[in-house]
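Each in structure tokens, the structures are laid out below.
One chain, chain A, appears in both complexes that follow, with chain B as partner in the first and chain C in the second.
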Partner chain A sequence: MTPPNRREKGLVRPYVVTDGRAHPTRNTFDLVTLVVAARDRPLGGLSPEKRRLMQLCMPGALSVAEVSGHLQLPVSVTKVLLGDLVDSGHIITRAPIPKAQLPDAQILQEVLDGLRARL
Partner chain B sequence: MKSDIPAVAFWCLAAGALAVVVLLVRQQLITRALRARNATLEGRVKARDEEVRHLATVRLPALADAPHQPVLVPGLLDRRLAGTGFEQSLQDVMDLLAGVVDRAQVRADQSAKAALKASMRALQALANEQQMSISDMQDRHDNPDVLRDLLEIDHANSQFGRRAQAIAVLCGSWPGRQRASSPMTDVVRGAKSRIRDYRRVQVRTQVELAVVSRAVEPVVLAVAELLDNAARHSQPNTTVEVNLQPAHNGACIVIDDAGVGMDGPEVERATRVLSGQQVLDVTRLGDPPKFGFPVIGVLADRYGFTVSVDTRSPYGGVRAVVFLPSALLTQIETDDAYAAPPASVTPSEPAAGALPTRRPPSGAEEESLREGLRMPEPEPSHAQPQPDTEPEWLLGSTTGGLPKRRRRQPATTQPTSPPPAPAPAQGRSAEEIARRMGAFARGTRSGRATPDDDEGNPL
Partner chain C sequence: MDSALASDDVYLRESVRTAVKLLVVGHFAVGKTTFVGSLSEIKPLRTEETMTQAGAFVDDLAGIKDKTTTTVAMDFGRLTLSESLVLYLFGAPGQQRFTRLWQDMTRGALGALVLADTRRLEQSFGVMGLLEEHGLPYAVAVNHFDGAPVFPEAEIREALDLLPETPLVSCDARDRATSVQALIALVQYLLSRTTPHQENV
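On to the complex of A and B.
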């Protein structure tokens, strides 16, 4: 099933999205850098991709990889867009969160006990 | 008696002379009549000679040069021949030649079209294939230098694909790609993707309208040809401005350039070609062939939009207006709906474990994300479980009909009220479900009661 609001991939080529640039203005992004939208910035004047990026990031932090996945754009292209948005103050970056803990053994134990009690 | 003889002789002579005179006069009259007739006939023969020469040197070449346009062939040289059998014969010759020329023309046109179409379709397929591999490479490599090269290749490939596509369309082929309905802004930017000087094209306005699926590719192609013309016929330091305007029964794409503009006859010719009504001859597009307007004409006629270039732009160049009737437009869900859930959690303190909740991506997106990027699945964190009391762990369903699940639902927050059972299967009674749920709840309680060692493992 295709969501109705899925963008047609390949219609707007990446060089149009970045206006021909391939190098982000800053080299501070990697796949797991978290980006957060600054809420006080106006969205007018942004290109459609940047606007969508801002809308994606509005509810909370997202990693660069997630952003690029949602926008259906290559990661390197997303980084160019993010670089612009950081420069204009629309986006704030954060260091990636430390690796989360593994699933708690306690929960697994609870599940096991529950199953035991049932069977 | 003797005196009678001279008289008789005289009278005889007189009668003879009279007869001679009469004969002479008659002869004279006949001769004059014959001369006149001779002269007339000579004139006619000369006229016919002239007429045949006129036929051979003027009328037939005109006919051969301009098939499909019978009005432009010159008529008879000598009006006197009108209505005669001679004129009829000439007309027969003309008709015969016209038929032969037409047939030859049609045949040549068909074979040229067939050959061009076949080869262009092959090129088009190759260009599409190459575009897919370029897209894959762009996804795979995360290096700005590689990306820069890929963007250049991508750009060249898009132009190449457009040329092949345009010629194929001109030869009666379909535009080729089936696309989903797309916003008008994306359609214009898609067109922008396919021309050389795309950086000079500025799309000023955005409208909330979208182009229906079947018309996306033709409109992209037509707008790309217009943008290409606009960029090609203007100074490299000027911009080509695109405005989108909703209208009462459709929408317009207005393309203004600051170029040289077109004069009256050019505009007239362009209007004729753009109407798509003119029969198109692939073999007569000029040298170098001009594909742009004929392609737009064919597409406009086939898909029912109109293109006009008869106004001047405010910058002195051409203003091209593409009018899309309502039948080719649709409403599309905007991206505001896409990220609609109002963020109740402000991203103020994204410390470890207290990441703001966010909309779970729909299944397809998540899948593509994970496949494309090899992302590890975000681990649920339990360091600071959020006081999330709302029982709606099923957040409605996605557009694809799949249930939406909130991903980081801490398991420990609601120990005694287990989540509602997923849609019960047909064969299970309410008591059975209650029994199972109760058993699960008892199990979790007894599990928590078990003492742990310091590593969190049950003893």
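On to the complex of A and C.
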């Protein structure tokens, strides 16, 4: 059973973090889009949340969902921040599964093989 | 955990290029979080989304639409399956009203595993309906609870009104091996749908 969440709500409301925006500048993020920080970009001038996001993503790749979970920010807010950071060259996305593409047999076979190896 | 790919590390391996997701769905307290936790190589994470929803009981006489906000939590975990492939498992709430969350979760998902409890089989209908609405193929896994009645497969199939091709397995969400087997049954089914005239197993 899911335990009750005791985390205190942040002092800053989500719409402040995103400058009032509910949608990212690009709509290419899925929950499992993989993102990684560009290491050569200056962090000066970034908001505290974006700076936190950059620090989280600096050591290696994570999915959008993991970024949201680690930063304890709603997925929608995380996507807005990531959209800005992709626009400014701070964040690079690794190819997600193209949306229109149906799960093909090859990927499913790889998933199946991977799961069987776990038994 | 014996696999060389498994890791307690927060970050993905450098070589991972493809991420796929499967949903683990079911009614309240059916064991979604436990299932995800048994399989995940990382400590399961939680994301939250604040939803604004129209109140269920709208007082139209006052001319005011009652709105409430609800926090929806989603627990998820991760399994690195090969040098280049990672699988994310999302434990998803089965409530009909969180449409946007469902759109976000189902988009790009390979399929879903419906967890069911033999003491409350009828409570699985809502989530199965939602999956059908979103066009997401699924398998059903009866999660074993101590003291829960055990029914023959045919009876469970009938009670859940399953299509003949929908896989029905049983698992113990606390046990990694039976949980992996439930996912294998789901993925075998998904694979069989891509080439309907061939045997893939």
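Throughout what follows, the second predicted complex is superposed on the first by the 87 of 119 C-alpha atoms of A that agree within 3 Å, B and C clash if a C-alpha of one lies under 4 Å from a C-alpha of the other, contacts with A are read in each partner's own complex, and residues count from 1 in each chain.
Just so it is clear, a residue touches a chain if its C-beta (ideal position, glycine included) is under 8 Å from a C-beta of that chain, and two chains touch if they have at least 3 such contacts.
Keep in mind that this is a model prediction, so the values were computed, not measured.
Q: One more residue to check, A:Arg118. First (chain B), second (chain C), both or neither?
A: Once the two structures are laid over each other on A, A:Arg118 reaches both partners.
Q: For A:Arg94, using the defined touch cut-off, is the partner it touches chain B, chain C, both, or neither? Pick first, second, both or neither.
A: It touches chain B and chain C both.
Q: Applying the document's definition of touch, where does A:Thr33 land relative to chain B and chain C: first, second, both, or neither?
A: So A:Thr33 only meets chain C here.
Q: Give the label of whichever partner, chain B or chain C, reaches more residues of chain A.
A: B
Q: Classify the contacts of A:His23 with the two partner chains as first (chain B alone), second (chain C alone), both, or neither.
A: first
Q: Is there a shared patch on chain A that both chain B and chain C touch, and which residues make it up?
A: Residues common to the chain A contacts of chain C and of chain B are 1-2, 5, 14, 31, 34, 59-62, 65-66, 68-70, 72, 74-76, 94, 97, 99, 102-105, 107, 109-118, listed in rising order.
Q: If we count contacts the way the header does, which residues on chain A are in touch with chain B in the complex?
A: 1-16, 18-20, 22-24, 31, 34, 36-37, 48, 51-52, 55-56, 58-62, 65-66, 68-70, 72, 74-77, 79, 94, 97-107, 109-118
Q: Quick one: in the complex, what on chain B touches chain A?
A: 131-132, 135, 138-139, 141-148, 150-152, 154-155, 158, 179-180, 182-183, 185-187, 189-190, 192-193, 198-199, 206, 216, 220, 332-339, 341-343, 345, 347, 350-353, 355-359, 361-362, 364-365, 368-369, 372-373, 375, 378-383, 398-401, 411-412, 436, 439-444, 446-448, 450, 452, 456-458
Q: Could you pull out which chain A residues touch chain C in their complex?
A: For this pair, the touching residues of chain A are 1-2, 5, 14, 30-34, 59-63, 65-66, 68-70, 72, 74-76, 94-97, 99, 102-105, 107-119.
Q: Residues of chain C touching chain A in their complex?
A: These residues of chain C touch chain A: 3, 10-12, 14, 16-21, 29, 32-33, 42, 45-50, 71, 73, 75-76, 78-79, 81-82, 85-88, 90, 104-105, 107-108, 110-111, 176-177, 180-181, 183-184, 187-188, 190-191, 194-195, 200.
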